[in-house]
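Two complexes are shown next, each including chain A; its partner changes from chain B in the first to chain C in the second.
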Partner chain A sequence: MTRLLRAIAVPAALLLAGEIAMRAAGSSSDALAPPSDVAAALAALLADGEMLRASAETLASALGGLAIGGGVGLLAGLLFGAVPAAARLFAIVVEGIRPIPAVALIPLALILFGFGFRLEIAIVAFAAIWPMLVFTQAAVAAVDTQLLDVARVLRLPLAARLARIVVPFALPRIFVAFRLAFGVALIVAVTVEIAVNPLGLGYGMTMAQQTLRPADMLAYLVWIGVLGFLLNVLLLVVQRTVFGRFLPRGARP
Partner chain B sequence: MSARRWAWRAGSVLVCIALVLAWQAVADARLVSPVFLPPPDKVWRALQRGMASGVLLQKLGGTVLRMIEGWAVASLLGVGLGTLVGASHTARAWLGPTLEFLRPLPASAIIPVAIALFGLSDAMVLGVIGFGALWPMLLATVHGFAAVEPRLYEVSRALGLSRAAVVWKVALPSALPDILAGARLGLTVALVLAGVCEMLAGRDGLGQWILLSARSFRAPDLYAGVVLFGVLGYASALLIGAVERRALRWRG
Partner chain C sequence: MTAPIVLRGVGLVLGGLRILQGIDLEIRQGEFACVVGPSGCGKTTLLRALAGLLPPTEGEVLIGGVPVRAPRRDVAVVFQDYSRALLPWRTAAGNVALALETMGMPARAQAARIQDLLARVGLAEHAEKFPGQMSGGMQQRLQIARCLAQEPNVLLMDEPFGALDAMTRQTLQDEVLGLVAERGVTVFFVTHDLEEAAYLGDKVIGLLPRPGRVAKHFTVDLPRPRDQLATRETPEFLRLRRSLFDFMRAAEA
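This part shows the complex of A and B:
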């Protein structure tokens, strides 16, 4: 109880100070709004469904990109982890492409797909490949060599080795990779929306700014924060309840 | 062993060359419209032309400067604030949960707020990059301080070190690996935000260059810009890696 109180004391004090300062200043601003107005705007946006529609658009793009990019990263990570020769041969290609910031591909994706979901999904997919690839590769490479020796003695084909030994062993860590990739996907989706794409939460926020509705703008900001936080907590809970026993201490961020 | 490593490296280079040649073949055969996929030789020429005329070089310089400026501000603030919060157990207990709550917030979400506050100006760009790159550094510093071996604190107490001395001589060096990991992430964030801000605010830089190239369908110029973004990301990772190796040599 005291821990909870301590946790919310500072933000509550800051919000109160902001409220008093804004009310005392009196004049209306294009950039800031009293916290009570922001709370009211958030409630209104949630009530009329606008916020939920925007959230659905952002989440759909993030999940779509995650499915494609995460899938590519997963397959490449499995391959590179199981066959070190492939990892070594593709090292320079991966090292060359990976440092490109996903947002640098926005203009290219824009002329390829135009505005809309496909643009956003493509950018998110590119960004989601790398965390998935790196962590899956490490997870597969960490598979107990004795288990693989047994598989070799039993002459299991590669597919069976992957399905019966590697994937079950690496699955908990791959879930950690998925959680991190999901965070990246959400961030990139919002970024693409703020930069160019007329969709979702980022666009809602940009529109509120451009039409000088600071309370709405800040309400979007707060909601984006809450949504990201809650989804992360949800995935952490899943990770702990489903895979907690199987994760070594070091792999439990 | 080393000879074998070089052999793999050479093989890796060959794979890379093969892929570029395949790209060239696909583009030359017009399997994909050159508007979307220009052949690599044209991209290379666009890169050379842009560098020789100084236009692309100037854009690159603008982005590098913006990124470094914002990152430097963020580093100073992040390590400074992180030290203040991390060095005191009380501050950690009171502020820690708030910082954890803000961690997953996308840094780009602050852009509309910054535009409302500062307009489409350089101050806005600096504010966004500084704010965005601040978090990884701040959180890493706080985490680094929290993870200091407790016995080191006991020893310093036994030696009668002042609080400042403990921070400077024990806690900061011990938190250095975390801080450098935060600096690495911060640099990546700075590059991303510099690119986005240049696109949005039309500041002179690579972000603006690739957006304008795309709008006028100059695909080789667009690809040249994307390549430079990649080079910039790679170079900054190398730089931080070198700093890490030097600064952490004492840990063996």
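This part shows the complex of A and C:
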């Protein structure tokens, strides 16, 4: 209990100081709002379903893009990791495309898809490919050569070698890649919404800003932070319970 | 069932470097041959050639009269680094099952066979343990159990007890002698421990480095079954131990 109190003492004091300062200044601001107003705005947005609808839109785009881009990255990473010749063949293509910032594709994607989910999913997919590809490739390439010798001595066919040795060995690291890609997907989804797309949390926040409702704007900001934090905790718990015991040496994240 | 090992003029060049040259060897069916030599003499490379993991550039390797070009079901390998030769995400039973799965044994028949194999190496009580929960000696026993699952006629062992403490090493030496006597397998045993070579072998092959070649054959004229105390005190053992040490001293000079 005292530990909990100690942990929240500083944040609580800061919030209180902000509240007092804002109230003392007395003027209404277009950029900031007292924490109590933000909390009230957040409660209202949650109560009327607006925040949950926007969250569902953002998450749907992030997950859709993650499924496509992460899937492509995973398959390419498995191939490049297992077959170095393939990795060399595609190296220039990959290294040429990868540095393009995902959001720089917004104008192009807008022409192709127009506003809506398809635009956002396409951008998120592009961004999610790279962490998945790079980490999966490294994870597969790192499979212990002696385990591969064991597989050969036991005369495992190629499919069994992949399914029983390579993938289980690489899986913990691939899951770390998934966590990273998930974070990227969320960031890119919100960014696309702020920039152009009339959907989700990013759009809601931009609208609140442009109609001079700082409490609502900050409520969106706080909610995005809470959502990102909770999702990361969830993935960490999954990682620990599923892989905690079986991580091969050197694969512990 | 008969599986003598014959090498004729075996040479091996790896990445422009000559590792082995002109190796002629004959190991009779059921014979226990130990291989010693200073580091870099190609002991492990020779074992990999016998296992079919590394085809020789010259000459031929015959096991049971058949040229070895790839790993075979009846040739099992015990690797030195047991922690890297077992699947950390599978239990002891699961690791033994890996060998049975590739032999196409139906799942229902496996359980009894696994239990039998684990019992033969003294791990009957530890079937559900993961390698990470086992001592080094237990892990090496588990690797041996997996090899026995192949029902091998030839056992290739690469410094299998090098990383174990002295007491565990002696116990495992006697266990391996027992298993070998029971099944009549031909053994090719690489070691850097000269006393171990004299204690286990019917003969000891001395290699010299740069390039790796056969320099000397030592016949071990010690009665079986061997005994950790009595055998090591016989004049013949001491004489052999002396000539092995002399050989190594000359080889390293």
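Rule of thumb we're sticking to: the second predicted complex is superposed on the first by the 234 of 253 C-alpha atoms of A that agree within 3 Å, B and C clash if a C-alpha of one lies under 4 Å from a C-alpha of the other, contacts with A are read in each partner's own complex, and residues count from 1 in each chain.
Quick note on the criterion: a residue touches a chain if its C-beta (ideal position, glycine included) is under 8 Å from a C-beta of that chain, and two chains touch if they have at least 3 such contacts.
Please read these numbers as outputs of a predicted model, since none were measured by experiment.
Shared-chain residue A:Leu147: touches chain C; no touch with chain B. Of the two partner chains placed by superposition, only chain B is touched by A:Pro101; chain C is not.
By the touch criterion stated above, A:Pro214 is placed in contact with chain B alone, chain C being left untouched.
Once chain A of one complex is fitted onto chain A of the other, the partner contacts of A:Ile92 are limited to chain B, with no touch recorded for chain C. When chain B and chain C are set side by side, the one touching more residues of chain A is B.
Contact with neither chain B nor chain C is seen for A:Pro198 once the two complexes are overlaid on the shared chain.
In the overlay built on the shared chain, the residue A:Leu156 is in contact with chain C alone; chain B does not reach it.
By the touch criterion defined above, A:Ala7 reaches chain B but does not reach chain C.
No residue of chain A touches both chain B in one complex and chain C in the other. Put simply, chain C touches chain A in their complex at residues 51, 53, 70-73, 75-77, 79, 81, 83-85, 87-89, 98-99, 101-102, 130, 132, 150.
Here chain A touches chain B in the complex through residues 3, 6-11, 30-32, 88-93, 95-97, 99-108, 110-112, 183, 186-187, 190-191, 194-196, 202, 205-206, 208-209, 214, 217-218, 220-221, 224-225, 228-229, 232, going by the rule given at the top.
By the touch criterion stated above, chain A contacts chain C in their complex at residues 144, 146-147, 149-150, 152-157, 160, 164-165, 168, 245-249.
Across the complex, chain B meets chain A through its residues 8-9, 11-13, 15-16, 19, 35-36, 93-98, 101-102, 104-113, 115-117, 188, 191-192, 195-196, 199-200, 206-207, 210-211, 213-215, 217, 222-223, 225-226, 229-234, 237.
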